């Protein structure tokens, strides 16, 4: 942990100070909890009253606010806050382990300079690993895997044979990458396993959450595009292709051969059926069930998923179904009465 | 496995015997399968006929029933049955391993008396562990973790750096506790990782299911309250706070900073969005999608989740939507006909 | 990888060649990507135009098509394609490791001929393992487990004590089999753990996906029937019984004591409540919520799940709820107007 002056922080994030530049900041905190010696941020204007009442020493804002805290005015306060958390607290420091003599590394594996390997890590034959990677205990890297520079593999993560991993990739604990796709040919009532000869490609800057399961492709690779971030317990089917800079929140499931464009945001527990095409910059609400192609820029919610503008209202009306049904019956009764009244005239 | 007389069992659970106290009981079983030498229980009155027909040697009941089995009458037969299963069968006995010389334990780690560590376990620097804990193979405990007494960590469970774990906590296999929260600041189309400087607190008597993923907090801790039990493959977001004595059934997902009160019961595959507040003693039906605050004592179901009283009927009417739509059209047609008829008069 | 002539392949799958039997085939590929030296297949007639335009050297078809590729006509082209992928590419070859001296194998464990055990594998007391099994790094097999022949356990898979596993079973990475069922007796607001004394039985030819969590039974075994294939991240509750030859797609959740018959197909993210009975040859659509018994041969979708014939239309009408509600109001208004008009006459 570092201590910095408001001025040092403002210079670091490229912001303008309103107030005492010399105030010392020791830690980052939330808008609700920040107190003396702490910095927080305001990105959603609806929380402006909280800034006015905050005990924080400093606050990152996009526009000046009336507050006792020193303000650092910057275009994107949330991004600046991220920078400040890195500055003050840093990313996790990995225990220095060198190459543990309790690891099991194949003689043909090649490890770049600065790469560290903890105890009980297995690295298979013909694996190539770049520089400054870190392998936590229990990680297993199958044969013929290629890994770039500056990657981190957390405990018990598993990368199957032949997968290809870029630079600065992070794989959290107990995640599986490259297990066999769920592919079987059913013949006379029995399911016959189809060898899965594709691999998995994790491009640069991808992060894979804890407990994820990313299947290898049947014939072609499963691909997670550059900078995409995958939450915990996400299941990705064989041959799925996810474009760059997507966010997949925990417990998403994507079936085989579906494709996503770039900059998509997929909410928690969303399911996407196989072989469909999701465009660029698509936003999918939590628990949605996506069964058709989705055009660029769409926002969809619900199961089955439909345009969010329609869907939020439509799904909220399910609650009124009993009332609607009753009204239909009442109308029918009134109509019948009138009709029979007419008949009877 | 132990053999006990009905009298010994009745004394143990504080029940009253109807029938032969000397009957020997070797095992606990289900109401459907229990036979000679076995004890079962009745907690749901609708299964009373099964007790009347049972081949069991003994049965735990809350009120006397007509049956050939010896009865033990006790206030809470299911709880008594749990006690009997413990008495007859006991909890799992862990293989005695002492401190395996195939484990990797940092020199600065402190282990209490009676704690056992199996092969291929990693324990990081400055870890403090109480007495009588058990670490199964492949468990990884990061630096600076604090663990109380009588905890069990099943194979390949992972606890990240700095998490704090109470007494009698159980973590099942392949569960992850304390991996980074899913927190990114998106700036010019790229997602920048925010260091996650909070931890995870598992209070006393918590159980975490197999394959769970419990994120550490961004700035403040993620907390699972005393006595709460988390099923398999549950994903808990950063900064979530779960009160004491909750039950979360498998595959639940809770997004960042949501809070649950005490004694909540959350059904399978439920999703809860971030930053909302669920009260005490809330019951949430399986697959519900919870998007708003929920008051104490509520029972909700559906996605979006609404009050169960309304919801069960409302969601069951989805089936009748085609019929309802047709009836509306018919009514419109009849109305149009009448109106045009009227006009034409 | 093998190179074969079209004739060799046709003989292998029992097909009839239309075109040059001597063409050499090096690899299998998809209908979209296949080029010179590659073989593909047509099983869905709607893709016939793709066969007509393909650059593939050969194609497996059930009926002759107009195409420049050599055709192999065979009854079940997808099954034949599976055979061809095995012929040309084979299943994964496991690194030859023998019995690693970095494994930890109890002295009372018995391993059959040809079984291989990689580094950091733990095998408990009284385990019995057949011949030609393969244990990848980090696998943990608890005491008293029985395993047949030709099984594969991928890295960090965990089998708890006393489970029974047939022949040719595959368990993918980070899967858990036999952890405690989610069983607690709640008494005076606290949840008391019920010892889970049943086990898990995986019958012959079962495959368990990465990150799965298969609970042991409370009193009786959890059973996965012969030839059933379980996708990634599936959670199976205590005492569930799944019949033979079922397919469970990733992220399915089945609660305790539910039973499935034979040849069921369960879509992604389906939830099945406890204690219900699903018949034989039942098909359940993705994300369905199954809350009642399901008869043999039914196809159901939706949450709550209803007959697919009804459900697809019913759920698709949710989108029209706002319109329907408006129409009901309009009708009421018109009716009120007429009624008051009538009254006023």
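Each chain gets a letter, A, B and C, in the order it is written, and its residues are counted from 1.
Note that in this section contacts are C-beta pairs under 8 Å (C-beta built on N, C-alpha and C of every residue); 3 or more make two chains touch, one makes a residue touch a chain.
Everything numeric here is computed off the predicted structure, so don't read it as measured data.
**Q** Specify the angle of rotation obtained when superposing chain A on chain B by their C-alpha atoms, rounded to a multiple of 5 degrees.
**A** The rotation relating chain A to chain B comes to 120 degrees.
**Q** With touch defined as above, tell me whether chain A and chain C contact each other through largely the same residue numbers, more than half shared, or through different ones.
**A** different
**Q** Taking the mean of the C-alpha atoms as each chain's centre, how many Å separate chain A from chain C?
**A** Chain A and chain C have C-alpha centres separated by 25 Å.
**Q** When you check chain B against every other chain, which residues touch at least two of them?
**A** As it turns out, chain B has residues touching two or more other chains at 120, 138, 156, 174, 211, 233, 251, 269, 303, 315, 318, 320-321, 324, 328, 331, 335, 338.
**Q** Over in the complex, which chain C residues touch chain A? Could you list them?
**A** So the residues of chain C in touch with chain A come to 28-30, 33, 76, 78-79, 81-82, 85-86, 89-92, 95, 100, 102, 118-120, 136-138, 154-156, 170, 172-174, 205, 207, 209-211, 227, 229, 231-233, 245, 247, 249-251, 263, 268-269, 286-287, 303, 315-316, 318-322, 324-325, 328, 331-332, 335, 338-339, 342.
**Q** Going by the contact rule at the top, pick out the chain C residues touching chain B in the complex.
**A** Touching chain B: residues 104, 106, 120, 122, 124-125, 138, 140, 142-143, 156, 158, 160-161, 174-176, 179-180, 182, 184-187, 189-195, 197, 211-213, 215, 219-220, 233, 235, 237, 251, 253, 255, 269, 271, 273, 289, 302-304, 306, 310-311, 313-315, 317-318, 320-321, 324, 327-328, 331, 334-335, 338 of chain C.
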